[in-house]
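Beneath this line is the structure, given in structure tokens, with notes to follow.
Labels run A, B, C and D following the written order; every chain starts at residue 1.
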Amino acid sequence: MSSVAVQLNDIAKSFGPVKALAGLTLEIKEGELVALLGPSGCGKTTALRALAGLQDLDRGQILVGGKDITFQAANHRGMGMVFQAYSLFPHMSAQENVEYGLKLKAHKVSAEDRRKKSSELLELVGLSTHAGHYPHQMSGGQQQRVALARALAIEPKVLLLDEPLSALDAKVRIQLRDEIRRIQLEVGTTTLFVTHDQEEALGIADRVGVMRDGVLQQIAVPQELYDRPTSAFVAEFVGLTNPIRGTVSGSTVSILGSQIATLPGSVTSGEGTALVRPESIRVEADPSGSAKVVTSSFLGSVCRSIVDLADGTRITAQSASSQASVLRAGTSVRVTLDTPAVFVKSL
Amino acid sequence: MSSVAVQLNDIAKSFGPVKALAGLTLEIKEGELVALLGPSGCGKTTALRALAGLQDLDRGQILVGGKDITFQAANHRGMGMVFQAYSLFPHMSAQENVEYGLKLKAHKVSAEDRRKKSSELLELVGLSTHAGHYPHQMSGGQQQRVALARALAIEPKVLLLDEPLSALDAKVRIQLRDEIRRIQLEVGTTTLFVTHDQEEALGIADRVGVMRDGVLQQIAVPQELYDRPTSAFVAEFVGLTNPIRGTVSGSTVSILGSQIATLPGSVTSGEGTALVRPESIRVEADPSGSAKVVTSSFLGSVCRSIVDLADGTRITAQSASSQASVLRAGTSVRVTLDTPAVFVKSL
Amino acid sequence: MKRSLGQRIWRWSILLVVTSYLALPIVAMLDFSTKVGRSKRGLYAWKAIFSQPELVGGIVTSLELAAIVIALLLFLVVPTVVWVHLKLPRLRRPLELICLLPLAIPGIVLVVGVSKIYMWLSIHWTESPLTLSAVYAMLILPYTYRSLSAALFAVDVHTLAEAARTLGASTSRTLFQIVIPTIKAGVMSALVISIALVLGEYTISSLLNYKTFQVEINLIGQNDGTIAVAVSLASLIFVLLLLLLMPTAKRHGKALLDVDAE
Amino acid sequence: MKRSLGQRIWRWSILLVVTSYLALPIVAMLDFSTKVGRSKRGLYAWKAIFSQPELVGGIVTSLELAAIVIALLLFLVVPTVVWVHLKLPRLRRPLELICLLPLAIPGIVLVVGVSKIYMWLSIHWTESPLTLSAVYAMLILPYTYRSLSAALFAVDVHTLAEAARTLGASTSRTLFQIVIPTIKAGVMSALVISIALVLGEYTISSLLNYKTFQVEINLIGQNDGTIAVAVSLASLIFVLLLLLLMPTAKRHGKALLDVDAE
């Protein structure tokens, strides 16, 4: 389980003046699901396409299972890929889509075995009753399930998922995310998942790599990435943050009357901007409090409040949804911090 | 603030055999933001389009400010509408788009006043530096901001928002949602917001109406809708729920060893399925506990765990993100409930 | 809102005028072809169609031409357009311009330009329909290019081709098993338009001395106008039926976004 | 992955063959029009163009025709197509078929069908280019309809029209201020193709005895083929320049979805 399945060694690619990949190095372990997370243009999709063989490189090396495949054609790589949307062959039924890759195998798979395999896979993705449906008869979520089954049918060395959920509705997105993870764990395929949605990346991956300008900023398990970012970019891109001014001395920062440890990479002295998570801010109704609630929105399982501090700083705090009725607009509140450590960037 | 601005009286519309609206009655108060929430085909968009004058009705009456406008043409209604996407005029700059409605006003607005007004509005939506940009030069989020400014420029009687965020990225979606609410409160325009995303509806609206099959199921302030649904449909559509079997007697249900009050509309006796929110389930590591964690995902500010109960029921629980490291797969846990009341539907 | 009756009448009458304007020639032809003498009516012209041996020869020649043009379309034009669309997007515009050229070249000029080659060919090689079909293959480009191009833009062919590649498909498999079936509607339109064009073309075949369907009709028309018009109308109806076979353009792409189409 | 050199050569040579096949008539025309006698070359034919008074008359007639056809296109065809697209989607298919009809009707048949009306018109009314332009307006439909229809499908015209309505725009303002500017590219294509067609049409104008540009060229060609070819080439170049003015189809619709186009 822990041998290296995929190695990207210093891969680079420019499109004209734009460096999509500027020397990316990444290892994915056997059976691991790694998510690449980043804003538009950070190079995450280019990296995935290079691994699929759909994008040539200017420099660097790609190894899968220890074998150099840098110059192998896409149709010989045996990668299963799921695209953002609309990638099912419109003139084939769900079953025919799933079987297509098997038909192309060098050593022929018999029609019976193909049928058996495609039925198994359609059942795995929960669509065994839709085998005869054509893409236009299926919802977006169902189409992506079939696309997943089709990619898995060829028993791929690596499963590549290119923003497979971004064209779907919120509810379907969450449901399918959990399902992809369940299937990936069940099948055990090494997987690279590319997304711009941080909740998606955190919720699905064993490790999440944050990319920016063609290089990896930080790669870590979700909780570490969220709790211990090594740069302001990662702290701000993964999750919400409140920029709050404070004074750093040594390895602690003084903000909102508390002394909080600073994370490695932070400013080490003088003034700085601490990046504090909304759920690290505790807001309690207190008639003598110097801060005031501007507005609170009830979001179901949590409540998010916008609060003006005494010095005019506007912050967002997140609390249990039961607080929504207490933290009404205009309420005087006391604001304290509840976090072991924060990242502090320069002003 | 509390006079009725919009009244939909028993409006109905069928498309062939499909009843899009089956007698919808709704009141919106002056300055209020009401969200209509529901799955595809529930009629929410038809209702909004009927109010805009873009959809004729089979029956019913529409009153705005006490005046019957049921048969008024769309271009005389003075409604500001923001569409799902791609509604900016591609051959006009942002500023020209915003000014277009003013140019059409019956009593002419001078070119100077138009320019002043459009500049104000572009500043309000945070795009004062983009006045000269054309739609194809702007991101999706920026385009929707301009569309909002354009709709507000005509000082509409009612602002109509038709899934304005559904084509946007997750981060932009949340940001623009908060901004729309801020602007709506600042301008004070009566607003109808249509969406299929429950978090969006809860986060933005004064009141949320849940629609199904062309009629209103329940309309209430967000917290009441979430905490005290009056039907299983509302409970399941708004937020996540775990179906857990229990025995009802009188107005309490016995589930997971607790006696919990049942909400009005619930089953009143015998066996039933209680719909329990993930955050109402408390999961604590306990070596003697009879339940087992299947998997936990860290989602940033919260942690979601899938837990198998002793009787094999699989439930989803939500806890503070700090629990993610404790609730690993395979951990024995004790599961208790922490909620004042639940909805119980028949088996 | 319910449209007022006046508005409805106004709108439908515009449509009626446009339609009848277009239907006029057909009605006139039907009228002309069923006239016998000054004031009597009869179907003798329609019956006479089948007693013209040259006409049958002309029909066979035209159908041969159509078959060759179809083959050229399927195995030369379609792969070229697809390949430029997918692999050489920068050449899309030049190709579009090139394909529109035949529209701007009147038949006579085309004939002047190619007649020497044709003379050379007819002396040294053969005068088979193959040579005329080469000119026709050029003539159909303005119409077929648009159909194919529209079909290629309507679906995300690029993603489909990449999906096929990752599943192990070679370039030719991707083209013939995935891309062409996907743009079937566009290919069918192109085919139907090409057939209509080949069956309806007169100027060039006449100038190059080919005895095609239309040339024969014209010859008959010089002797008996009524039969010629009857044959023309028959061919027109045949082409109309062909056009009815043509698939309509569908919008695959948008389905996923129509969250609340209701 | 980098393409091998062999593959590249193969691909470019196909393109070269297709292009040269299409360029052949033009080269042949250039060759022919610069020949003087058996083996000498010169530009006398090109200079002679301007000493033909009938030719100037033909050019004027053809340009008048083009102007009228453009007006008909803008104020009759475009509004009809837009209105059917937006308000009567069920009539899209019938309209498409109707618009393709002229393609299937060879010129001669069209002339037989309408010649009686024309005779009546020329006796009772006038023989101005207006009457011929009515036939041309019909002829351009197969080409213009596709351009307009493709442009209407490329953007979400429906939403744009509704946005304009809610902002207070009347139907005509919506059409002329919003819809037509939005499909400008399609309208421009339709215009250019129409002009090319009107300037290049020979059969019908010749049969109906109109002295258009192509008819005059043909007359000159009967006396001096070299001048005729020179004029044809000149007109071809003019039309080519027109085609270069034609905007390319862009895909507005997809931009918002391209989250990570990179």
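Keep this in mind: contacts are C-beta pairs under 8 Å (C-beta built on N, C-alpha and C of every residue); 3 or more make two chains touch, one makes a residue touch a chain.
In this text the structure is predicted, and so the values were computed from the model without any measurement.
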Q) What's the overlap between the neighbours of subunit B and those of subunit C? A) A, D
Q: Select, from all pairs of chains, the pair with the highest number of C-beta pairs in contact.
A: C-D
Q: Go ahead and note the Å separation of the Cα centroids belonging to subunit A and subunit D.
A: 51
Q. When the C-alpha atoms of subunit C and subunit D are each averaged to a single point, how far apart are the two points in Å?
A. 16
Q | Centre-to-centre distance between subunit B and subunit A (centres being mean Cα positions), rounded to whole Å | A | 25
Q) Multi-chain contacts in subunit A: which residues touch at least two other chains? A) 53, 74, 84-85, 166-167, 169, 196
Q | Junction residues of subunit C - those touching two or more other chains | A | 253, 257, 259
**Q.** Interface residues, subunit B side, partner subunit D - complex
**A.** 52-54, 74-81, 83-91, 100-101, 104-105, 135-136, 140, 143, 147, 150-151, 154, 160, 167-169
Q) Can you list the residues on subunit D that touch subunit B in the complex? A) 155-156, 159-160, 162-170, 173, 178, 181-182, 184, 252-253, 255-257, 259
Q: Please name which positions on subunit B make contact with subunit A in the complex.
A: 166, 169-171, 178, 181, 185, 196-200, 202-204, 222-223, 226, 238-240, 277-279, 295, 297-302, 304, 318, 320-321, 324-325
Q: Under the touch definition given earlier, write down the residues of subunit D that touch subunit C in their complex.
A: 11, 14-15, 18-19, 21-22, 24-26, 28-29, 32, 76, 80, 83-84, 87-88, 91-93, 96-98, 100-110, 112-114, 116-117, 138, 141-143, 146-147, 149-150, 153-154, 193, 196-197, 199-203, 214, 217-218, 221, 225, 228-229, 232-233, 236, 239-240, 242-244, 248-249, 251, 253, 257
